[in-house]
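Reading through the structure tokens given below for one structure.
Per-chain residue numbering starts at 1, and chain names A, B and C are given in the order in which the chains are listed.
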């Protein structure tokens, strides 16, 4: 908080007057401009919600919420219309779950390695490498999934479809390892050394200290990193569009083709469906669902972080 | 930090051996896990280089897309990416930095400010395709900007706005209070303090954050599929910001979609060009960061 | 601060370049045409449009041609909204779409540019399904179909699951196939891999031994090594699409014309007229190179005359 400003230098008689009363016009204008820029961020959120809501409400005027949530088929573009979000949502979660299976253990163990085992120099090499992994565009991961992972999978499991969920899961998992690892590592390093030293003093091994003292102490941050990683996996678009398929399919078999919510949005927009039709509105209904799911997960991760954080002075 | 050498033995020989073995296995597991990330990166880069490096020639960069793989190149896409990069920077940078300045220097600590902060943190986690929907509805259709570079740049700007704001806030926060207080003590106005003292000191951090955010924008495909999405485009955007466009990730996606091997090789070569572009940008950011850290 | 100034300087330069945008001016610059031509529509026709655009731009480098593939339906939406100059389609314009265009005051000319033998395609490893009757195709693809395996089609075929691939609902090929084979446009079973991008379908079928799909012949021709044509029996025995069978009409009912719809007001622009003329003059060469069947020379001459008339009326 800036202190009460003294007056401008060319007003020597008003040294004791408060900032507010003696703001020049220029200062006021600048303040307003800056506020507007900050408020622009709120405008963006309002925009997203308004845009999605408008068409979604139109969608739900035609399609009941019950059908949307319970119908197991998604066929909005054909003559026989079904509007069940389940195949798309399950597709998204199937990919995200597979990604979590990879990223959660690998990310956490990587974080423990960086925080508890690795020396400064090793960390100085590994952290940038992880940052590079995080910075690779998702379309590259899609390429990798289609041209490397899928053929590999098919040689091991010949019944795998050309477009399948597992390929996408694997690359999305690799993609979010850095997210999980760096957020977990931040949480682990925030645990005070005193806790560790106390445990060592009692004769614990490094393994015991890491798993029974440090991780539990940093649990809120670690779990928050998992939730954020999964949220990113659900929102991922290009890798799944390229590798996972365009077949709304209510299945838990990762070797089959599926369609995720994000891939459907891409497919619907490529076809350039006309305004005002129910097909056009499905794009927004699915977008709204996606937005709400990721929003809930992000808010949840922040809540976990704040609510369960152990306070150390 | 390594554990002090406390002799194990209190619990009996067998248990100690188990604990030691468990310790070793865990250490191996952690190292292996870390290697997963590194190995994945190596395999990915190796795959792309193996597939595409032989197509990475001067012709490749200088040619437009073509239905014949031998003739195809990334000229339109590369220039489109650079154009969109510039335009996005011009739009996003001032607004984001202004917002960060407001939040750090001007905002009273009340509910509204907390709401804005929370809102920005949430926006950073919204999937990029939702921004694509926003861009399609507001810029392409409602504002009738059509599928132009301007629509694309505006969409990307909104996407990276929260990222730059948060990075700038951190940079501004890192400026020591003593600097501000000294300036206020000399009778400077708030804007003078900000523009003459705080911003110059925070600028390297702000620029680093901006460049990193821009490099993320360059790699984005999903929002631009919705706002751009041209199938065949063999010209460079010289007519201005209302031109149609394509960018590197879109061209790569286009080539990946084609079933012929040659186009996959072209996609790999395109990926290499994109990665080199990103590497350059990130290296610039890191150099900036270290160079100015040394000065202070 | 030196770096801030140089950054602001470069930003200023970028703004200047960005601001120096002209409009879509079209004129005959010294030595060549300038301007833009915007084309969207059928992914089936896309290979032809792409070939024409590429060759045209080599001769007229200052003209900016862009070709999309939103699908015949998507193309017409944009066309009747005034967003595109030319709409490619693998089916004729529907009455509703024509009404939309009329309501928007958009006059157009329909030009036939090629013939397509819409191809039913399987994987080369599939050696048993050499031929399918129209009736069998309908049974496989119709809504509510109970066909799950190849054995459900013919009892001596393997009991392996049929995996289906086909164009999405915005595709003219989709409209044509569902109307011709199933009998109602848009009526189809929902459980198939759908994509507006036929290349994705090729990838899927090429990788899947028991797959079955359909798309324009050009996409088969481009990938003949990794796909197998299925002959279609429309009542005259098993026929494969080829230049002869399309010409003499025996590849029925899946032989169909491919169209280019041109906006009259766009023809007033020299670059658009030049593009359309170029397309029709070189179609005899470019169309076969994509795998489709070219029309006769007289038919292209007639099309050129129609364009000239429309352009004259537009001015």
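Quick note on the criterion: a contact is a pair of C-beta atoms (placed from the backbone, for glycine too) under 8 Å apart; a residue touches a chain by one contact, two chains touch by 3 or more.
Please read these numbers as outputs of a predicted model, since none were measured by experiment.
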item	value
Chain whose average C-alpha position is farthest from chain B's own	C
Which of B-C and A-B has more C-beta pairs touching across its chains	A-B
Centre-of-Cα separation between chain C and chain B, whole angstrom	36
Centroid spacing, where centroids are CA-atom means, of chain A and chain B in whole angstrom	15
Residues of chain C engaged with two or more neighbouring chains	197, 200, 203, 206
Where chain A touches two or more other chains at once, by residue number	270
Sites on chain B at which at least two other chains make contact	229, 257
In the complex with chain C, residue positions of chain A that touch it	73-75, 77-80, 82, 154, 161-163, 245-249, 257, 267, 270-274, 279
Residues on chain C engaged by chain B in the complex (per definition of touch)	1, 3-4, 7, 11, 14-15, 17-24, 36, 38, 46-47, 49-51, 53-54, 57, 64-69, 83, 197, 199-200, 202-203, 206, 222-223, 226
Chain C partner contacts - residues on chain B that touch it in the complex	64, 66-67, 83, 86-87, 89-90, 93, 146, 200, 203-204, 207, 229-235, 239-244, 257-260, 288
Chain B - residues contacting chain A, complex	1-4, 6, 8, 10, 19-20, 22-23, 26-27, 29-34, 36-38, 40-41, 43-44, 47-48, 51, 94-96, 98-99, 101-103, 105-107, 109, 115-116, 119-123, 125-134, 136-138, 141, 158, 161-162, 165, 180-181, 184-191, 193, 215-216, 218-222, 225-226, 229, 249, 252-253, 256-257, 264, 267-268, 271, 274-275, 278, 282
Of all residues in chain C, those that touch chain A in their complex	40, 70-71, 73-75, 77-78, 143-144, 163, 168-170, 184-188, 190-197, 200, 203-204, 206-208
